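To keep things simple, chains are lettered A, B, C and D as they appear, and every chain counts its residues starting from 1.
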Amino acid sequence: MKANIKKIAVLTSGGDAPGMNAAVRAVVRSSVYYNLDVYGVYKGYDGLINGDIEQLQVRSVSNILSRGGTFLLSARSDEFRTKEGRAKAYDNFKANDLDALVVIGGDGSFTGADVFSQEYDVPVLGIPGTIDNDLAGTDFTIGYDTACNTATEAIDKIRDTASSHERLFFVEVMGRDAGFIAVNSGISGGAVAMLLPEHNWGIDDLIRRLQRGASSEKASNIVIVAEGCKLGSAYDIAAKVKAQLDYFDIRVTVLGHLQRGGSPTTSDRVLASRLGVAAVEGLLNGQSNVMVGVVNSNVVYTPISEAVKTIKKIDAEEFRIAKILSI
Amino acid sequence: MKANIKKIAVLTSGGDAPGMNAAVRAVVRSSVYYNLDVYGVYKGYDGLINGDIEQLQVRSVSNILSRGGTFLLSARSDEFRTKEGRAKAYDNFKANDLDALVVIGGDGSFTGADVFSQEYDVPVLGIPGTIDNDLAGTDFTIGYDTACNTATEAIDKIRDTASSHERLFFVEVMGRDAGFIAVNSGISGGAVAMLLPEHNWGIDDLIRRLQRGASSEKASNIVIVAEGCKLGSAYDIAAKVKAQLDYFDIRVTVLGHLQRGGSPTTSDRVLASRLGVAAVEGLLNGQSNVMVGVVNSNVVYTPISEAVKTIKKIDAEEFRIAKILSI
Amino acid sequence: MKANIKKIAVLTSGGDAPGMNAAVRAVVRSSVYYNLDVYGVYKGYDGLINGDIEQLQVRSVSNILSRGGTFLLSARSDEFRTKEGRAKAYDNFKANDLDALVVIGGDGSFTGADVFSQEYDVPVLGIPGTIDNDLAGTDFTIGYDTACNTATEAIDKIRDTASSHERLFFVEVMGRDAGFIAVNSGISGGAVAMLLPEHNWGIDDLIRRLQRGASSEKASNIVIVAEGCKLGSAYDIAAKVKAQLDYFDIRVTVLGHLQRGGSPTTSDRVLASRLGVAAVEGLLNGQSNVMVGVVNSNVVYTPISEAVKTIKKIDAEEFRIAKILSI
Amino acid sequence: MKANIKKIAVLTSGGDAPGMNAAVRAVVRSSVYYNLDVYGVYKGYDGLINGDIEQLQVRSVSNILSRGGTFLLSARSDEFRTKEGRAKAYDNFKANDLDALVVIGGDGSFTGADVFSQEYDVPVLGIPGTIDNDLAGTDFTIGYDTACNTATEAIDKIRDTASSHERLFFVEVMGRDAGFIAVNSGISGGAVAMLLPEHNWGIDDLIRRLQRGASSEKASNIVIVAEGCKLGSAYDIAAKVKAQLDYFDIRVTVLGHLQRGGSPTTSDRVLASRLGVAAVEGLLNGQSNVMVGVVNSNVVYTPISEAVKTIKKIDAEEFRIAKILSI
């Protein structure tokens, strides 16, 4: 089925992720390739509500492929959650003669897109852009690989100090609901343990793990704590461990927002490029209200409602590997 | 089927690749986890021939996860291609009471492993470690992701100069038989064209492509040339283009061996960790004369003869994307 | 005056700094060059107290030039602050027939060296290794340049997110007594303000500064907070600003220990190399109880007591520049 | 003396260098601070000749502090070497009511500035922006520190491969007339020898040096070759060495243009910021036909004719250190 699409808009929404610019660039360039007009909406849904919309050219996206953040700016929009907000957004959508909307963001952004698409029968296509990698319907989200590498590089630096002083470090990485960054950076950083939102480790399990490490005379140790870990923040956990194992010289580092920034990795740029092209081609082929992803190296389109509802699970295999390697 | 494996040896062979150390570490740590003795063979097959073999402990592989190269050293062995060489290797293999051999390397190394395994009925397990990504039986080889990122970072730097001076740069990347690095770094570096061993572009096709770019007033251009490109070296091609399009200010950079080094990326470390564990578990489960790889996120074991014989192809889809984005 | 030095020991003490390994390497290699025996003391002064001492060869320091941390390990020694501790240290010093001691560290480490040298008439030579750059007698300390670059790279990443979301970020960098890292990374990160231990800015000054920024419609802002800033931690300050300027979307990131790690920059490696050679040559020329530094590109030896007592001041000029550029 | 300066222009000329953008930003921001109008001239002197001139605002230089290259573009202008070219440039200079010109570049660019300033009595102020560090009147030029770090990082990667394969690598770095990058990256990369334009080493000296290395069983070796080395290119030298020492496994890497690009280091950004402010303040204080530099941490103004004529020498001390450390 060929859709009659002539003019599309693209916006970035929610927390920014490295590679969002690369995705916008791919949407713009493939639109031009297919003779579509393409418009950029600034500051996420707020820009749609306020009419902060501008036509984009190939020239508008020159030199952004390698840049972190999003030149379209991003925001979480409270107003778009209201009926009135979405009505204003639709007014601007029609006023600009737009035929379809590409939304680059995470699950919150997609939920909004879903409602909007159903209320106004607007073709919407989602591109997964979030460092959290917690969306079903794609093996990887844009920004995830870069965030993992940023975390790994930070852990490598912290290990220099940990080794030199024979210390135990707790390193907190992002991941409120999902421990993807924690597991991957934990394996690649050689952590002795990873505390994830998905798991039910008690403080005693961790203590046992660390005593085993100490008994094997491991001079330095790094424990990765995902933001959403049920045992508390990295500081909380460090205090509890200190209370029981006072022979450890303990330090805490919270990586925080630097995980969101930086020039995207090759994988993230290539993924963003593929998904940007596939988003435009999807719209041209009549896809609507779907998220485009890559599963087993193939482009797939998943209904947004499904991508948002299903919880992607961490590969149990990967966690098993982590345990074997942290003996 | 459980194999009776008590003592294994591991070696790295052929061109070094970032992540080889991470793979050795995983082989050592999972061997210890499964109560096996594990020995390191230095300088590839030559070390087997010369008895340059040493028992490894967890301690032997501390602090190598993040390091490029291979602390076991690597080499291409001419002697191992001879019957006499392999006989000496087998003598040392038996003298050390070894039960199995893990070989980390590329297709040349695996061919040797295949012959050795069949001649002496030795269980051999291959781990794909090469930046070229040209082995069947795995989606990615260890080192490939790092090499792509190294190439991309170099292209980003070259683009700074290309943009500032409105120049055309030819950047030669590694890849004698396969253009994997060229395509990926080309997409992620925003190249205007990529010249691959797999393709039959003539100089005229390239000229047309560049004229199109010039007409669209692209201020700077980068062309990626894979080492094995049939049109010649980056210098040859640059000279031919200069002869026809003398208004271009042309420069050439050959990235060379720096693509082989550097601290491995998160992906390469995680892949190496998975494959190292899977190699040991494969041997324990009776696998022999196979290469372990990851296909669609699952560990698979492929007969070495097959992995070596089949040529892995560049995803045509990826090349199609590259063309759309380089308008 | 030529001293009769045949055997020297080297140790690293206090907080680790990138380039300490490069300095140890230079001490070892120049000792070998001048036909001296050289010993490594592990874990700072504690190693001297416990006899954790080992002869070093050129081979012992291969491949450490590029590595963060210190392979000799480091610690702050409480025991060395006692007369008894220093007596044990001297016993081991004599037992190993050592003639002189090279101490790589910061002011705390040098104070100990000073006392030890005077108590036992031992030639001691200090090399300034600390990321804080707060020692008189040298323009730069080893590790400072790397720490500044690490902070700058982190700020660059945070700016990606700050720009994308039009946020105000408070970034806390190291520097308990001195704002060197804060000023340098502030200028190089384009911060709107820097809060230093040396200054007496009140919260109102900061508020005024930020309102000026807001009125000039600066979309995103970054404020650098040195650890030792009198206004409180980055979190405290952020809360106070939020209370008065609630239209700002505010975030905080504490860089923490990752500033201590990482591969040293070219400047730090070259500085460490120069100082390591100059330390050995200084001892051979009869220098004792001095710190070696580089002032205006020349090697100078300063009495340790002076280097420790004098407080190095931040260049007022640099702070003036920062103010002009943050209009 | 206060000069009557109201409107200034800034251009970048010659080979681009990391930090040029930071310098332009500092010129623009300090101009605004001092209530001057500031204009950007595109593509170096050619832009002056062709009237490619545009007023710059604070907004024009947002987000460029961290970027390599120069957004004003750069070029070497043949026309500006002619009397007619300079006459056209002066016509545009007057047509825009400009009072002074800031030129960011190297010696070629300054020579042109000198002639122009004398012919038309135009106040010209030079800022040293070149990776070569070969200008008198400043301890460091903008871009030099970044280029050294880029070279060092490349050497670190090459060393991974060199060590893994026990190879001898010849690495060619930039530096046609001066070996500054070669010496610094050689020391920081742990090279066994550095071949500089300033020295008269014959091939026999190098051979002797390498034999000494081989006899001390150094497994891998790296020799740095400056572009302008009198013994020939890295390829030539490698061939000559191979002819005499055929037991070496030899490889060559030419770093080339990637040394010019990349995000500037903290040092380069701070230096560029200082010099940009000092350039504007110098013009306001009546300085003309001078280059601004930093010598022993102080800002100094040197007559351009002098800065260009005098040859800055490599610190003999640094070369002495290099020799001691490469034993």
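Just so it is clear, contacts are C-beta pairs under 8 Å (C-beta built on N, C-alpha and C of every residue); 3 or more make two chains touch, one makes a residue touch a chain.
Chain by chain, the UniProt names read as follows: A, B, C, D = ATP-dependent 6-phosphofructokinase.
This structure is a prediction, so every number in the text was calculated from the model and none was measured.
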Matching chain pair for A-C (criterion: over half of the contact pairs shared, by residue number), options C-D, B-D or A-B: B-D
CA centroid of subunit A to CA centroid of subunit D, Å: 39
Where subunit A and subunit B are represented by their mean Cα positions, the distance between them in whole Å: 28
Whole-Å separation of chain centres (CA-atom averages), subunit B against subunit D: 36
For subunit A, residues that touch 2 or more chains besides their own: 156, 159, 163
Chain contact topology (line, ring, star, complete or other): ring
Pairs of chains, among all present, that meet the touch criterion: A-B, A-C, B-D, C-D
Interfacial residue positions of subunit D with respect to subunit C in the complex: 25-26, 29-30, 32-33, 58, 63, 65-66, 139, 145, 148-149, 151-152, 156, 159, 163, 184-185, 187-190, 216, 263-267, 269-270, 273-274, 277, 296-297, 299, 315, 317-318, 321, 324-325, 327
Touch list for subunit A against partner subunit C, complex: 12, 16, 18, 20, 67-70, 73-75, 150, 154, 156-161, 163-166, 169, 251-258, 260-262
